[in-house]
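As written, the chains take the letters A, B and C, and residue 1 is the first residue of each chain.
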Amino acid sequence: MDGYIAYGVFFLTVASIYALVCLGLNLQWGATGLFNVGVAGFFAVGAYATAILTCPDFPGQVGGFSLPVPVGWLGALLAGGLAALLVGLPTLRLRDDYLAISTFGIAIVIQLVALNFQPLTGGALGINFIPRPLAAWFSDAGRYGIFYLAVVAAIVSAAYWALERLVRSPWGRVLRAIREDEAAAAALGKSPAVFRLQAFVLGSMLMGLAGGLHASFYGFISPADFQPILTFQAWTMLVLGGSGNNRGALVGAVAVWALWSASGALLHAVLPADLQVRGAALQIVLIGVVLAAALLFRPRGLIGEEPIVSRHARL
Amino acid sequence: MSAGPTLAVDALVAGYEPDLPIVRNASLHVEAAEIVALLGPNGAGKSTLVKAVAGLVPVSAGTVRFEGRDITGRPAHRLIGEGLAFVPQTENIFTKLTVAENLALAGHRLGRRLRERVDAVFALFPDLARQRGLGAGRLSGGQRQMLACARALIVEPRLLMLDEPSAGLAPVMVAQLFAKLREVRAAGITILLVEQNVKAALALADRGYLLVDGRPRLSGPAVAMASDPALAGLYLGSAA
Amino acid sequence: MLQLFADGLIQGAMVSLGAIGLTLTYSILRFANFTQGELVTGGAYAALMALAGFAGTAQRAGTFAGLSFGWPMLVALLLAMLATGGLALTIEWLLFGRLRRHGSAITLVIASFGASLALRNLIAFGFGPQPQYFSRDLQIAIPIMPGVRLTPDQLFLVGVTAALVAALHFFLTRTTLGRAMRATAENPALAMLIGIDVRAVVRWTWLVGGALAAVAGVFLGLTVQVRPSMGFDLLLPLFAAAILGGIGNPYGAVLGGLLIGLAESLSVPWVGSEYRQAVGFLVMLAALLWRPQGLLGERA
């Protein structure tokens, strides 16, 4: 029984971290219509920020501040926001698919830095021994797991509550107005560019924070944790959960993470020993197919906007 | 040649959205080798009407008959084969191709007759002939409209529809273009044109229709319409 | 310095070939196709499979003078071009074509991102993640001019790319299908009006784009190595080249590809070869901010 509880706690913790990412993505896409294909990059920035701020001193590596974990998480939040500010200022005015390509590029560049800038990020080997908050207080790994889950759940709940309030606030109304009719909103004196940037930065802060929670949870990060598959998982969660919707973000996170874990277990059981290592690749294929199917059979696609070329040119 | 009108539009209801019709119960007809002008204030639906005939805007009710055949809702790319050519108001030439390539592409189904047709079209528009190797994007506004007409004429359509061909053109260019349209009609081609320039359109056309709120409210010989005070009234919205 | 220039041209040639299909489908179908990289990868693996298929014949056929391969490779290349064109058409039929009827451009981009992930990992699953090679022979770089050494394979690559671009130019300017492609890339609605079967043009575009991507993949495999992520690593430079040259303009894609290749290569002394992709990205960003219509595009 203990094993199941421990797994359940682990499962929910990871799902909650993903849920936080999805909440951020929902603010960017669902509420503001920003097409961020570089989610993994902002997550990575937060993770490395927490690692650098909270780790003890290692030779040859920047950091060693040994700050308390909550400070590390705050740093992750700010780092995610700062990255978004730097990226967003030049690119947010680009049209949808150019923004997608740009954010995709940013994530790749961040991954390159993570992989190669050894003094800061530990290079391909990553950063180890990231401290967990209040680890000393708990002797039992099981109890610690529950504690950490409680912390993450509290953070996600707070974020959810705050986002729900935000969406219903005057700020949220302006955002909706900008999404519906930018020219009209601008005519009322609201600068669409500023509001979009705010939404982008806020969303990325949540992604960064999630990265920090990830780093402290696993205690170890490397560039391999921040591949495009992460971006894709976040989008799948949002699409399947119902994009445009904070609750959908939570539901989607749990559902897709469950699907992912189940497919992993299935492949582990079914594949012969020599193909086990390659099984991870097949898992990704499965989730790719699931998303494609979801998109194909949802009659209105992601949001149900106008057809691409023109209404009259049916390609 | 069929005895009836070249184009007969009957109780047409059309619009981009099915529950928001722009063309509301419109009926009109165009006889062979006529020039008919479609006039009306902005938003009256005149462009939408020709686009519906051309298969570019969905039709929810009514019929369109071309030379007696029902072509309602026929997709745009089939109509050119039927003998119906449409010149849109904007983006009506391929700027990335040369003048000659625009014409060759428009006539890609002509096979051996392409050479002869291109020559015929260049004879009608000698200005274009001089620029045949030029990228179409470099043409002036008036020349672009000429090219747009030329490429529509290459396949020898029996009905030529134009959407505000005079838009953005200087008066002298409009006069030149309309003179060409007279030559086109003289060759036996029927013309239906949507126009904002009421004076020039009625000077060119044989008959006119005034569209208000999606259907014709006034029609008759162009000469009569040009001197009808009700025309101004309907345009400016004072009459019901 | 000249050597870097030459290396940049080689790299640029491959980016060019991959970017042509990308720029055409981008402008005709109005979406950023993230699977283009996998078409490059697919081409390389298809050639590998074809070569494995004529294993015995390959041994007997020997190699061309100086080059690392013989006739079997050329046949494999042709087969790879066909197969990859077919792959592109299949993705279009299974996924993009259907999504276009119901969804927006964003849906398509996400779907292509997912398809790219799935394809890449399918290849990794099927062939394994380790790098593979067309030939185990080491090629000696020969001096072409003072300061520049290239391998015979690289010279062959440049020659074939030049020939392909010339053939493409002829195709685009002298044939109806080629002109129809250029016209559809500019204005699909107008193309329909003049009677062009735009659906057929779309299919041909995928075929041609896929075939050229396969050539890029085989060349990349010949000069570097074949591995599952080879095309994905090229994706950012491909986008950069297409955008830099002007979306919808195949000549722009060629020019953009060469420039990106040069930029990446020439920056190596400063930035280190690990950050090559970042350089391409910065060039693309600069283009998006200052000249979004690209070098050969006109302001919309």
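The definition used in the following text is that contacts are C-beta pairs under 8 Å (C-beta built on N, C-alpha and C of every residue); 3 or more make two chains touch, one makes a residue touch a chain.
The structure displayed is predicted, hence computed values, not measured ones.
Participant: Report the chain closest to the protein's overall CA mean, measuring from each chain's own CA mean.
Facilitator: It is chain C that sits nearest the middle.
Participant: Which two chains are joined by the greatest number of C-beta pairs in contact?
Facilitator: Of all chain pairs, the one joined by the most C-beta contacts is A-C.
Participant: Report the inter-chain centroid distance for chain A and chain B in whole angstrom, where each centroid is the mean of the CA atoms.
Facilitator: Here chain A and chain B have centroids separated by 54 Å.
Participant: Mind checking the centre-to-centre distance between chain A and chain C? Centres are C-alpha means, answer in whole Å.
Facilitator: Inter-chain centre distance comes to 31 Å.
Participant: Averaging over Cα atoms per chain, report the distance between chain B and chain C in Å.
Facilitator: Here the centre of chain C sits 43 Å away from the centre of chain B.
Participant: Hunt down the residues of chain C that sit against at least two other chains at once, touch-wise.
Facilitator: Touching at least two other chains: 189, 192, 198.
Participant: What are the residue numbers in chain B that touch two or more other chains?
Facilitator: Touching at least two other chains: 56, 75-76.
Participant: In chain A, which residues are in touch with two or more of the other chains?
Facilitator: 312, 314
Participant: So in the complex, which bits of chain C are touching chain A?
Facilitator: Within the complex, chain C contacts chain A at residues 28-32, 34, 95, 97-111, 113-115, 117-118, 121-122, 124-125, 128-129, 188-189, 192, 198-199, 202, 236, 239, 243, 272, 274-275, 277-278, 281, 284-285, 288-289, 292.
Participant: Considering only the defined contacts, which chain C positions touch chain B in the complex?
Facilitator: 173, 176, 179-180, 182-183, 185-187, 189-190, 192-198, 248-249, 298
Participant: Can you tell me which positions in chain A touch chain C when the two form their complex?
Facilitator: Where chain A meets chain C, its residues are 35, 37, 90-91, 94, 96-98, 100-102, 104-106, 108-109, 112, 115-116, 228-229, 231-232, 235-236, 239, 275, 278-282, 284-285, 287-289, 291-292, 295-296, 298-310, 312-315.
Participant: Which bits of chain B are touching chain C when the two form their complex?
Facilitator: Counting only chain B, the residues touching chain C are 54, 56, 75-78, 80-81, 86, 88, 91-97, 101, 104-106, 108-109, 137, 151, 155.
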